[in-house]
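In order of appearance the chains are A, B, C and D, and numbering begins at 1 in each one.
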């Protein structure tokens, strides 16, 4: 059994390596147009946001709609470190992620007692409060934003951090800690009486989600030269929520697919300036009407599906026996 | 039901495929290498990177409408040096990251020779590094933040230009007018917190006003989305200033003037070119506009045929009177066309040099010369309103 | 004395702003009460209401009351159409799917509206002349429009209370809101009841739109986003699903905002408003008027 | 020495006493029934014992420790597990995962080894899965381990819930109407199963049940609750003949049994 799992790990690494290698090759040879590169980076950042939000919304079942707030914390913290304090980029990313995680922890502790729509509106409120706080700090440029951020984020950074995020959250979910989170989504009271410290796991999911949103924010800030509080407004949070729901609540691969697809659609629609948002709106409505459970539902598309098909096993729990 | 669902799905898919196809088609397919002979190109591609959706879409669309109109006029007159201009219009969602993204797309995908836009300073700051990196000139019609054309070390950014006032000038003129003409001793400033334009003007106004011996008795803020300013205005009124300085755009300005008057504030209100719009009168009403003054590039009583024609054409085409953003966008388009003409060839570097050498260009917002900081040098006028709320000329100020 | 008068003025400012939140919150709270959907498009129906009123007055030369009624009727139809097309198929789906659809409808109305009426703000005509009322030797001001909006809010609240508690439709609404399946078994036409709720909610939004048009004189396609959000917060504040709660929540929001702007810093206004909301939610999650419901184990 | 000793337990909901002056003592290895008419407060007692509700008054000593004020998960960690009257499975998860989640408190690997797949992760996951399948096997559910819980037939859902509770390795098991909705044949099998697991796992069991045949047949002692108060307590024989109990039940069910 150890062997099978190791085989799977090797396979995962192989696929990731192949993906990385082929794109890296294109970049090195100068065949990848800078515009495609930007959108590739955006896809990575959006995947980080969507997957981390899915941990909170889809897996733990806590309805959060203030995810852009954590992105803002990560973006600002990291930018202050590189711009104002001349610290190295890796330290800035780490600090940004940790700051976002800390804020997530502090917010999560009191608010995660709330349920459903009430939690949603509280997280929305916190997202807006974070925005207002940045608007009022002149040190980071206030409402007009912090400019002059060095352009350090590269495809390498984005690729490895995105892969790290996805693997981290996937492994988390497939552990007893992750299952504890899922049990909260399924039935909080039953989870509690099965010995699961629901508050701890809700806050843990929230903190981990915020951590990766912070990392995504740091990458974002160091690619786009300037950040301002309004970039991280509630519509941005909604964008990520849409990715999660569209991909399927509780499906990591779903989030990855949806983040990729929506980023590409958004880029394709840039040309259709006036009707861009109309098309986007129609797409949302139509997809939800036809597939309210999202593209993937709570299923995962993974290499192990092929494996299982080969062994004639059914979908469901990953019993690696 | 089932069937109609399927049909709908197919339609949507077809729609998407068409769009995707359309995009693919419009891409400059791996062209057989850059045309070797400097033959006359068929058209000159200009990129428009504007806020066409999102929270400042109003401004972006206003500016881009005027630019499209200007391009149509230029092309009707035979284009530039006989080559028609083509505007590649792309939406940046009023988002700085998207502004960077769009600028990259326009330059590397569509191969435009110059960029127009965006309108807000923050978004322009997201696009300027791209223009610099790929060496394509960028003109913002309305980005007032000094940092756009000058970097942190004080060096002029080679590829960035603007055709609007930078913050200092209008704030300076407004403060002088308040002190000298209105004999104000105290002033209150009401600032749009998330507008670089308003913040910049307010800063200079405050500096000039206090240097000349005036006193700022209240400094308050609002955000663009606000519609109700009564609470803050009540606070301002209680400070009893001789003059209230509000350097924002007409929608907020109009509401502020109206609500200030409703709360019994009767003293002068001073603003800047953002006040210039026919809608201001409709929003505020003539009564509220008594004792209101603002600095502007030109006077509407000006019978300059160019201006009259612009206003008429815009009205005919878009059904509304152009505002300051439209006028500035229109001029930016013409200044660019003029530079391309003088450059002789539609090549980014030549256009950039020609832009930097712009002297005495006469547009609808006055005469423009570009200085060594890539800012326009324009004269200013002070406008006020008559009993019916019609704009009238008050005095002229030269730089 | 002077300070007291300024406080009084701020209170008037707050109540007049709060009336608008309350008007929008009424419709929000009704729709939420019955199908537990945060109808994000509600703020946009308010925008459509303002535009219908605008065109009724400027193009069809209607006077205030007919324009108001036209707008209310058209928006109720719009509300019903939206419900039937976009929300009804999702009634048994997850609530989050319905929420995303609501966001889609909201964007569609905003940007579809922008295509049709252009994004430029429009100036609403002055349908009834404004008169200024001053008290305490011109130290405190108020306008007749503020009075009208305040009165309309209260009248609509009472009317709604009446509809919900005294009419047959209202009883059906309460039944559906309490238990959809049981209501169905009792012979209540759930579809019609939900449509009626949307119709009433949208008509309220339309009324708010027209009144706001008159009050602020400026309307634009994106005008519904912020008031919609604030109104929803107000509805939660008062206890969502509870009609007087929405009105009290609206007034409270307005007053809080006015006092923060007037005595604190206006740029912290939204943070304080949301902060209070979160505090109230944590102390009393069901809002000021809501009854705490214990989950049955 | 008593495993569970409850003294003077009272719960008031908005002025109404759901449970008042409730006293009970359970000794290791006992199988005790708690019966009473609908609305007598039986499930409330369970909710108080497991920490879902906090008592208004009274003490609960579990294994010589006062557990009043502890969170439900803390009480479970101290060795008390339960099932629910209205089945509360993790309904979108597989049968196996339902049981594995209950095993959570006994897993030792931390967050880091989970994410990095280091240390004992594989060993413990494997162990957990093996144990979970063992429990499923006892309840004859092992062949359905990959089914989604909500797709199981009703009786199997009941059994799964008990299996899940067992996986938490309790010393005291609280079963809330385990036979509800089962036919007599199934009920009979369940009764034997309950007795068997009590012996096999050395459990103490407190059982709420409406089915008198099950209660009378399985339990050694019975408490009778009415209007939140204990009205009788004794062996099945004593209860059957207690006039107050017969009155409370209108004679019917008890006489039948």
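In the analysis below, a residue touches a chain if its C-beta (ideal position, glycine included) is under 8 Å from a C-beta of that chain, and two chains touch if they have at least 3 such contacts.
The structure presented is a predicted model; accordingly, all values stated were derived computationally and were not measured.
Peer 1: Of the other chains, whose C-alpha centre is the longest way from the centre of chain A?
Peer 2: The most remote chain is D.
Peer 1: Comparing chain centres built from Cα atoms against the global Cα centre, which chain wins on proximity?
Peer 2: A
Peer 1: Using mean CA coordinates as chain centres, what's the chain C-chain D distance in Å?
Peer 2: Here chain C and chain D have centroids separated by 48 Å.
Peer 1: For chain A and chain B, let me know how many angstrom lie between their CA-based centres, rounded off.
Peer 2: Centre separation, chain A to chain B: 36 Å.
Peer 1: From the C-alpha centre of chain A to that of chain C, how far is it in Å?
Peer 2: 33
Peer 1: Could you tell me which residues belong to chain D and also touch two or more other chains?
Peer 2: If we look for residues of chain D contacting two or more partner chains, we find 52, 84.
Peer 1: What are the residues of chain C that contact at least two other chains?
Peer 2: 111, 114, 265, 267, 270, 297
Peer 1: Show the residues in chain A shared as contacts by 2 or more other chains, in ascending order.
Peer 2: 135, 189, 274, 276-277, 282-283, 289
Peer 1: Considering only the defined contacts, which chain C positions touch chain A in the complex?
Peer 2: 32, 36, 38, 86, 89-90, 93-98, 100-101, 103-108, 110-112, 114-115, 229, 232-233, 236, 240, 265, 267-268, 270-271, 274-275, 277-278, 281-282, 285, 295, 297
Peer 1: Which stretch or stretches of chain C touch chain B in the complex?
Peer 2: So the residues of chain C touching chain B come out as 2, 6, 9-10, 13-14, 16-17, 111, 114, 118-123, 125-126, 130, 132, 134, 138-139, 141, 143, 212, 216-218, 220, 222-223, 225-227, 257-263, 265-267, 270.
Peer 1: Spell out the residues on chain B that touch chain A in their complex, using ranges where they run on.
Peer 2: 5, 8-9, 12, 15-16, 19-20, 22-23, 26, 50, 52-55, 89-92, 95-98, 100-102, 104-105, 108-109, 121-122, 125-126, 128-129, 145, 147, 152, 193-196, 199, 223
Peer 1: Can you check the complex and tell me which residues of chain A touch chain C?
Peer 2: 57, 63, 110-111, 113-118, 120-122, 124-126, 128-129, 132-133, 135-136, 189, 234, 238, 241-242, 245-246, 249, 274-278, 280-285, 288-289, 292-294
Peer 1: Report the residues of chain D in contact with chain A in the complex, numbered from low to high.
Peer 2: Result: residues 50, 52, 71-74, 76-77, 81-82, 84, 88-97, 100-105, 107, 109, 111, 114-117, 121-122, 124-126, 128-129, 145-148, 164-165, 168 of chain D touch chain A.
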